[in-house]
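Chains here go by letter, A, B, C and D, matching the order in which they are written, and residues are numbered from 1 within each.
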Amino acid sequence: MEYQRALSSSISRKSLDISGIYPPICTPYNHDESITFDKLEYNMKKWNQIPFKGYVVQGSNAEWCFQSWDERVQVVRETARLAAPGRVIMAGSGCESTRDTIRMCKDMSEAGAHALLVVNPFYFKDNMTSDALVAHFTAVADHSPLPIVMYNVPRNTGVDIPVDAVVKLAQHHNIIGIKDSGGDITRIASIVFATASSDFQVLAGSAGFLLAAYNVGCVGGICALANVLGEETCRLADLAQSNDLKAAMDLQLRLVGPNSCVTKRFGVPGLKTSMEWFGYYGGPPRSPLQSLSDNQVQAIKSEFQKSFFL
Amino acid sequence: MEYQRALSSSISRKSLDISGIYPPICTPYNHDESITFDKLEYNMKKWNQIPFKGYVVQGSNAEWCFQSWDERVQVVRETARLAAPGRVIMAGSGCESTRDTIRMCKDMSEAGAHALLVVNPFYFKDNMTSDALVAHFTAVADHSPLPIVMYNVPRNTGVDIPVDAVVKLAQHHNIIGIKDSGGDITRIASIVFATASSDFQVLAGSAGFLLAAYNVGCVGGICALANVLGEETCRLADLAQSNDLKAAMDLQLRLVGPNSCVTKRFGVPGLKTSMEWFGYYGGPPRSPLQSLSDNQVQAIKSEFQKSFFL
Amino acid sequence: MEYQRALSSSISRKSLDISGIYPPICTPYNHDESITFDKLEYNMKKWNQIPFKGYVVQGSNAEWCFQSWDERVQVVRETARLAAPGRVIMAGSGCESTRDTIRMCKDMSEAGAHALLVVNPFYFKDNMTSDALVAHFTAVADHSPLPIVMYNVPRNTGVDIPVDAVVKLAQHHNIIGIKDSGGDITRIASIVFATASSDFQVLAGSAGFLLAAYNVGCVGGICALANVLGEETCRLADLAQSNDLKAAMDLQLRLVGPNSCVTKRFGVPGLKTSMEWFGYYGGPPRSPLQSLSDNQVQAIKSEFQKSFFL
Amino acid sequence: MEYQRALSSSISRKSLDISGIYPPICTPYNHDESITFDKLEYNMKKWNQIPFKGYVVQGSNAEWCFQSWDERVQVVRETARLAAPGRVIMAGSGCESTRDTIRMCKDMSEAGAHALLVVNPFYFKDNMTSDALVAHFTAVADHSPLPIVMYNVPRNTGVDIPVDAVVKLAQHHNIIGIKDSGGDITRIASIVFATASSDFQVLAGSAGFLLAAYNVGCVGGICALANVLGEETCRLADLAQSNDLKAAMDLQLRLVGPNSCVTKRFGVPGLKTSMEWFGYYGGPPRSPLQSLSDNQVQAIKSEFQKSFFL
């Protein structure tokens, strides 16, 4: 059995190509905060027209932390069903405990995911040493039926997975990449450099530094903004890989303001609000997230206008 | 209906006296990480001999974040059953979403709790403004069958509930107090002063500043260290309210080193390790928490020895 | 020579008693930002009526960082001249380099100081390891003609002198204490406990936690608020050492709001503004510190009123 | 006079082109910590061979904070004298007070500087609001005989100049740019975008994100690493502006490890140590900075070796 596992691991070795752009899709709610799968289908039809590599389901922007176990799985199942053929379904599977994370990985696998995005545990921040994180992700990757993409998002977790832990974990046959949302481009470059021999794929966690990320060797991005400006985010990825530096820079600069509005400035409520302007269903967030005030909505609109997207 | 509610609120107004010392009890696990209720009973028999006001169940030290919904509730039910008569059962009921928190409050009530300790949501830190937190706790308190004690633990959550939010929430008839684990005694004093007219009970969140907390008007403490040194923690509370300043200071100073070991230095693994030395079942934590190395165990032992507890 | 030094060190061993309350006095400026020694004399006459142990000159509230070398020394010289007999003059002597700090210690000694308050270097925060700080303070203490009081003020420096460094340095014959402004009472208690055998004097760095500090073994305080409410601060110190716990707590709670206004909320401009209300000369701060807006002045006034000091 | 000033301002409007690469040169000390101008000359001869745009003198890496007023000025004077013709001398002129900063700007101008790098005041962090910083830099720029480049270095100052303050100040005729060392590429992009109409030049503050910075519109860099690997840093700048994305990325990735060693990991002592390996005089830092241990030296060497620079 060990032999078989070694064999299958060597065959499958990081065979999944995850390069490209993904929206970390929002979960649409009715006004009573229940999930509306109709609206998910509505949004998916539009997203399916955009040249995304795939979808991240149950990332931070999906408000996974507000959903029950079953809801988390069900949204992945529906998204997998609704996705255009060939699209990669990457399912957010992180839980605080190692045991729950493994169990979630299995459930997400059965729900139709192709890869799993696993945020590090973070409640006991002070205990999340490099050693503890290596042990956690190793156990998860050992038992996961699908390849693991680590998820580093210090703004939400208060933890920045140490580079030395990332480099060690990159050698695991079932850990194929990392989504880094921290935005420290020097850190990202050092991860790319240190894992160059490991067939390890690094994805930018935001459109705010997508061009910079490509230019230090990232292979794609999981960008909240792609929920709203999907075409433009994909175009930036293309330009980043072309020789048209000037066009890439211009588009990147235009995207920074709108991107800030749907990430650190206003978060999910900002993202859902701006989705409405581009023909998507945004709808309300779940409490304790609050809908935006008129002033806040106006501030976002102004940023989109400054960049000529509205 | 409004009248009735006002009436019931005026009758029940903060009638529950929560003053005194509580251990936030650890959840005992077998080596396969399953809960062992036998060991819980074993520990409870010892704790029942100590003059605690009651028990906090499913606080941070219970590793609530690693447990399923049902496990959370079941541990409360068992503890309520095992507690000596008259002891207050305060159940950790916080969840990320408002709706789940309300549901958990109801389940904890049915499980036998007398009060509910509710940590603030924290995944979307940047959105957890004063307004959002007031809305969240108000909704929870409106719907909770039991009185609410807010739980501020910035070390774990990365959020410090703003004082102005605490002061507003202190006026809610069903919010009777706060456990503050931050250790900023000036902040605690300002909360006590600003809520003086609200019949609001402030509990220290650690034995590290228990004397200081009493001396600015706190009425008790929920102290990890009380799992291990319960008698001594209760004695410090008594001394803090006596006129024997010298004895209070001496005991407080002796408790600081051991307290640090079971809180910020080593956390739950440090707490469980030291419990073993005092006749309790400690056992392993759940992963990703790691058991301590020999050097770490030795470091804790040394602190207990310096203070003559070992 | 080594023998002589050892001898003198054993004779002088921490002979200076620094227990008691000190205002870290403000430097009065004219409206053109030049120092007005007349106003210093005016303020000193009032402060000399209050039972302070002495004066801290050129602490943070003196805006030492805005003054030339000569100004720093001259203000100490004048204050020493103006102080009531028997008062301890503690002069802020910290500089970024070790060599300048030593030189400043000598100049302050000649200017009439009795003890020297030395803030740690902080520009190269990441290099200010425990070892580097021990080397720095040791060199300063070796060469200083007067006893050293370390000054820990993380809010301004971004550095928290590690407890292990403090404990090591407490053994130096010419380092007699520390002013800790961080407000982490657990940390302060652990310093008191660990230096119990070293004849080391710990002073609270703010009136916000003065009672708590006394109750874990501090021997006094250097409190911005004492510039304004000197009598009340001294009274709190007396009550903290009496058996009248209730009166101590009441006064401490009343002082917290005004104290916050003259420290973290509004800083030196807040302090100078409130001094005017109590018969002192406040005057403007030096730029880049800005005078307060009317709204800010009103906010401070309101806090003093809530506590019945206005 | 107002007319003349307006005129001269419109003529000189941001006429100084500061695009290109600068080493923020180290100040060489003898072993007694006195400045050795011989070694400065020795280093300058080598640096003059490298296609730098100019020199930053008295930046953080010059240990300006450890030098007297006269030393600060004298090192600028000597560097201006030793620099190859046509090189821009940018002199670090920031002080804590507005008045001292203005005076330093004048002295640096007389010493032969062409532009002034002005770090924001930072001791009173909490008071350094956007308004206070705008007032400070405006006053400095109003009175400075030379154009101002703002200097944002949160790692040392604990202050991140708010983007809105930068954007406002970019409109001042005598503020021509900013050096941003924070490394947040999204922030840098947002500054470039928001100041696009202001003829404002943004310089990267480190070689760790130099490529990324160019790709969002920065015009150069002030890079500690250029003290050691000057040719390579200039080559990266060239590649960043060419169409050879692959070569740019490869060089950027190789530079990240060595760069970290001479900046955040080991700081000035790391920089001075590695300078020795490349034929420069490094020498000791001033205390409290400490020379490196053998292990630390080895760690740096290893990083340079991994990138094939040693």
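Of note:
FYI, a contact is a pair of C-beta atoms (placed from the backbone, for glycine too) under 8 Å apart; a residue touches a chain by one contact, two chains touch by 3 or more.
Since the structure is predicted, the reported quantities are computational estimates derived from the model, not experimental observations.
Steps from chain B to chain D, minimised over paths through touching chains, total 2. Inter-chain spacing, taken between the CA centroids of chain C and chain D, is 35 Å. Because contacts link each chain to exactly two others and close back on themselves, their graph is best described as a ring. Checking each pair of chains for touch leaves A-B, A-D, B-C, C-D.
On chain A, the positions that touch chain D within their shared complex are 183-186, 189-190, 192-193, 196, 206, 208-209, 211-212, 215-217, 243, 245, 248-249, 252-254, 256-257, 259-260. Residues 33, 60, 65-68, 96-100, 121, 123-128, 131-133, 135-136, 139, 155-156, 158, 264, 267-269, 286-290 of chain D touch chain C in their complex.
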